[in-house]
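The data blocks that follow each hold one structure.
Each of the two complexes below includes subunit A, the first together with subunit B, the second together with subunit C.
Our next item is the complex of A and B:
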């Protein structure tokens, strides 16, 4: 590439202009990213080292004091634990359900119209945003709602269950709803990956007498591996940041049973007005996401 | 390869169960939007009962306050899509057609920026928005949304332009045309499918955004559909049928995109994960 650039095919008027040209095209992005990404990140990091930021004019440097406060807060520690369990369960079940549905929709023995119909139905949860998903499940899981009705008809529950306010189950209910809302992304990505696998591979395996289970483990899985890693990492990042669905369904409650790192930051900032502590917690989330991003970036730039 | 009948039946059963898992909740959403509010929790539950009507939809669409939510959402999303596409096009052109010092680093920065959590930027955004006196206004939403839609758009469009032969736009330069003419006259028309994919995905992201719309706006004049729906929940009496009708109306654009532009949308969505 570089040697080609040294001998341009077209006349060049000014070499300086040629040097800065690529940067000119990038300047809008760079300016925006500096003002609306770098600056805010610097701001939030600096807030996290000061006391009483934004509420008073004379806030003082307190070093790591805010981090100490946050990291010894029982609520924040349990929100970290909740977030980790929530994220791991979501990624695992998204992967399993997404894979199962993609394989079913990709099978050859039904007409393509039937498969397209099923594919659209499987994508349904993805067409609704967090607000709608939250409201829909509030309707379904209402004490007088249709889920309780059906379960009691089959004698599976004694009385109406308060799915979203019973401390002992609410976390698992929330996890279930987020799994329901998120698997279509996996299904669609895996389906795109499946369609990219050459059928020659399967035919060769069949000639060699491989069973369909063997083909799956020795052809499908290895071929899908790069895609599976990418989407799982994106999901790790997205689910760690998830705020809206949790906020709308439980707001972290009852009594912090579903508190996540994101809801903790929001509440500390906008209901308790402890911006210093909230900034420290926000920086901790950022650090967690940076660690995840390093893996993601390595994976995305490896072959490029 | 013939699959045995037993296997086919088993497979079909699995597919139907999965379809119920994903489809039934949505069917219930739709059915509730046609009921009267009194019949929402009536037992035994029916998909369609005697109170079937379009009243909830009419109530939503004739209430100027709620129509305003829709206008806001469409307006913000449209402006963000336009801005993101233009800025991303310029950047993608640079990434795809030039070699320059710092290219690799910039590319890595743009990939990693996607991992920055919106909640981390919320407090400084609040400060910036208040300082710039754009709290509770369109610019507050538009500016912050562009930051989150740009990285993906740039990566997508760069990938798309890399598939177009260099001879295409170099011909313009040899004829003495400017870089801008090469970009707008030749590359943009050839990138239409890529632009449609990116545009749809950007629209989708804006349409669904909740956190910033919740915190950076305050009045109903500026609020978007997700906040509008959520605010119906907070009112003194739950008008379940209206909430459901508004949810359906608020999801229509995405449903239309997924159903009618499936090919574009899916390629835009999966490009981040499925790379060649």
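Our next item is the complex of A and C:
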């Protein structure tokens, strides 16, 4: 039986200290996050409502004017369209290729040494940074490069194809390169997920007479679902923000054929000096990323 | 208990240090402005240091310190990073005292109030500029001082020309096109003309404009504003440029070719004619020592026989309006323009002096460098785009529309220039 007049374990002073203590431990990270993360975001959002920010001291409040200007700019609208297609294609193909390769390197018929070899080879694109990827593909896709040479040897092309200069194909070429550069992340994540699925499930399915296709759709996919959703959402956010590779390969050209929201923001800010409009465009990208981030966090929370 | 106390204290002190560390940034200029013994320290933000022999620019600053007692602290970044960093520091009010300037930035930085009036400062320190060949003005005020000039000419691979049986160099558009047709051999991957057109650096449009400039064309109207639509020679230049594409003499992939890619293609022997900054000559000589290279000015319109013009590029400097040591900064610029110092800078940078009294002792005795010197001595430099606001953005617009014209999206060059003119005019609104 509990005594009603039981004394508190710690005196009030001590208890207060215990309350403050965790916040003190957290304070360095909280301060860092506020300074390095929240402050820049708040500044960019505030810039988007002013005119001539950064370049003059007498910026004036213009409300939603910058958003209106940006959203009626045909280049920005085409960059949104390009970004959406680019991101969707990247996520879908990353997922398909990553899944296919992960299943391949997870099969039991190969020795672990052979599988390790394949993993290293398949992982290579992810080891290269954007600059190396850009230089590599520029050399391969040069009009006098290896790709055109091989295609001409097999009589598949009549003359040199301008892979990165032909406006009708450059967008698809850029998408292909980014898919190539990004699939290993999926492969490794899915492989880790595959190795975590209990073999009991497959054995039980086999006893019940399930085919390998049925096992894939009714065991593998449901088991991998949390991982697939997480990496797809992260990929959505990363690909939306992709700048380096696009800039190094085409700089958004020729004639806006590969203009993305990221390159649009950069050009608006650093060559047109329209920091307010660039901030408005950046806030639009931020909003899109926040929506995805909310889905991501909700998904993670549900998993927990 | 003791452990807990220590961790709480450590956490608190770390937080305080963090706050203090972030706060200290704003005071850094104060400590830099005055050295421990009261000497003046000025900052020089530039990309020149990275493009010359290691330690050379520091030795120039040291020599300046010996002479004046003013210390110069170098803030060196690659060219590509300099502009963004300058914008950021200007916004924070911490722009370095002396800043390197690219031609395309000057108009905007001057009108944004980032740069000080150099003319007034020169007067204050008694700097006689009679030997100084060029100064960059915006609305009648000098805001930028060129230090080293780099002419942009047409590099020629003489080996390709010789193989095609060509012994003369082209002077007119017709001669140039004929020679390009003669040397072009797609089976051997050899093309007549190769130029960077990537919008990563839209100043490439100055090479295209140089065909017009050397034909006596000006793209600045009487009102000081862009004059593109209805500009006869400019339209003809655009049509001539398209004829190079229509005749198949241009290097495939030019639309997204960068400056570095272009030089690489030239070094690999795939281009006969390449418009380029002469600053790349050393690279070309190092990477293709066997290649016979020379330089010509950009070919001009067939019926033009007037004064010769070339695209001019330079390393320029300005003084920050927020600087607390403007006169010391002006003294430093004066020092860089001294006859001997300027000559020595040119030798190390591979450029040409701004001080007319300078006599650089160039060590390069190649035929190519001799050709450059000959052209430089008789040709007037032009950089008309730099008098327009947001020059780089406008050149990018021109580039994008030019690509559309070359691809047939515009029926005529006039139609394209009408659109470009509207976009250029919009920069003044």
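Note that the second predicted complex is superposed on the first by the 290 of 304 C-alpha atoms of A that agree within 3 Å, B and C clash if a C-alpha of one lies under 4 Å from a C-alpha of the other, contacts with A are read in each partner's own complex, and residues count from 1 in each chain.
Simple rule for what comes next: a contact is a pair of C-beta atoms (placed from the backbone, for glycine too) under 8 Å apart; a residue touches a chain by one contact, two chains touch by 3 or more.
What you are looking at is a predicted structure, and each value in this text was computed from that prediction instead of being measured.
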{"item": "Partner chain in contact with A:32 - subunit B first, subunit C second, else both or neither", "value": "both"}
{"item": "Greater subunit A contact set [subunit C / subunit B]", "value": "B"}
{"item": "Which superposed partner A:21 touches (first subunit B, second subunit C, both, neither)", "value": "both"}
{"item": "Which superposed partner A:240 touches (first subunit B, second subunit C, both, neither)", "value": "first"}
{"item": "First, second, both or neither for A:250, with subunit B first and subunit C second", "value": "second"}
{"item": "Which superposed partner A:271 touches (first subunit B, second subunit C, both, neither)", "value": "second"}
{"item": "Touching partner for A:162 - first (subunit B), second (subunit C), both, neither", "value": "second"}
{"item": "Partner chain in contact with A:198 - subunit B first, subunit C second, else both or neither", "value": "neither"}
{"item": "Subunit B versus subunit C as contact partner of A:142, first or second or both or neither", "value": "both"}
{"item": "Touching partner for A:286 - first (subunit B), second (subunit C), both, neither", "value": "first"}
{"item": "Touching both subunit B and subunit C, residues of subunit A", "value": "21, 25, 28, 32, 54, 138, 142, 144, 247-248, 270"}
{"item": "Complex interface listing, subunit B residues touching subunit A", "value": "1, 3, 8, 11-12, 14-15, 18-19, 21-23, 25-26, 28-29, 32, 40-41, 43-45, 87-88, 90-91, 93-95, 98-100, 103, 106-125, 127-128, 143-144, 146-147, 150, 154, 170, 173-174, 176, 179, 207-208, 210-211, 215, 225-227, 229-230, 233, 240, 243-244, 247, 250-251, 254-255, 258-259, 266-267, 269-270, 272-275"}
{"item": "In the complex, subunit C residues that touch subunit A", "value": "4, 7-8, 11-12, 14-15, 18-19, 22, 83-84, 87, 90-91, 108, 112-113, 186, 189, 197-200, 202, 251-257, 261, 270, 390, 392-393, 396, 399-401, 403-404, 407"}
{"item": "Subunit A residues within the subunit B interface of the complex", "value": "1-2, 5, 9-10, 19, 21-23, 25-26, 28-30, 32-33, 36-37, 39-41, 43-44, 47, 54, 100-101, 104-105, 107-110, 118, 120-132, 134-140, 142, 144-146, 149, 180, 184-185, 188-189, 192-193, 196, 206, 226-227, 230-231, 234, 237, 240-241, 243-244, 247-248, 262, 265-266, 269-270, 275, 278-279, 282-283, 285-286, 289-290, 292-294, 296-297, 300-301"}
{"item": "Contact set on subunit A toward subunit C in their complex", "value": "21, 24-25, 27-28, 31-32, 35, 54-57, 138, 142-144, 159-160, 162-165, 167, 170, 247-256, 267, 270-273"}
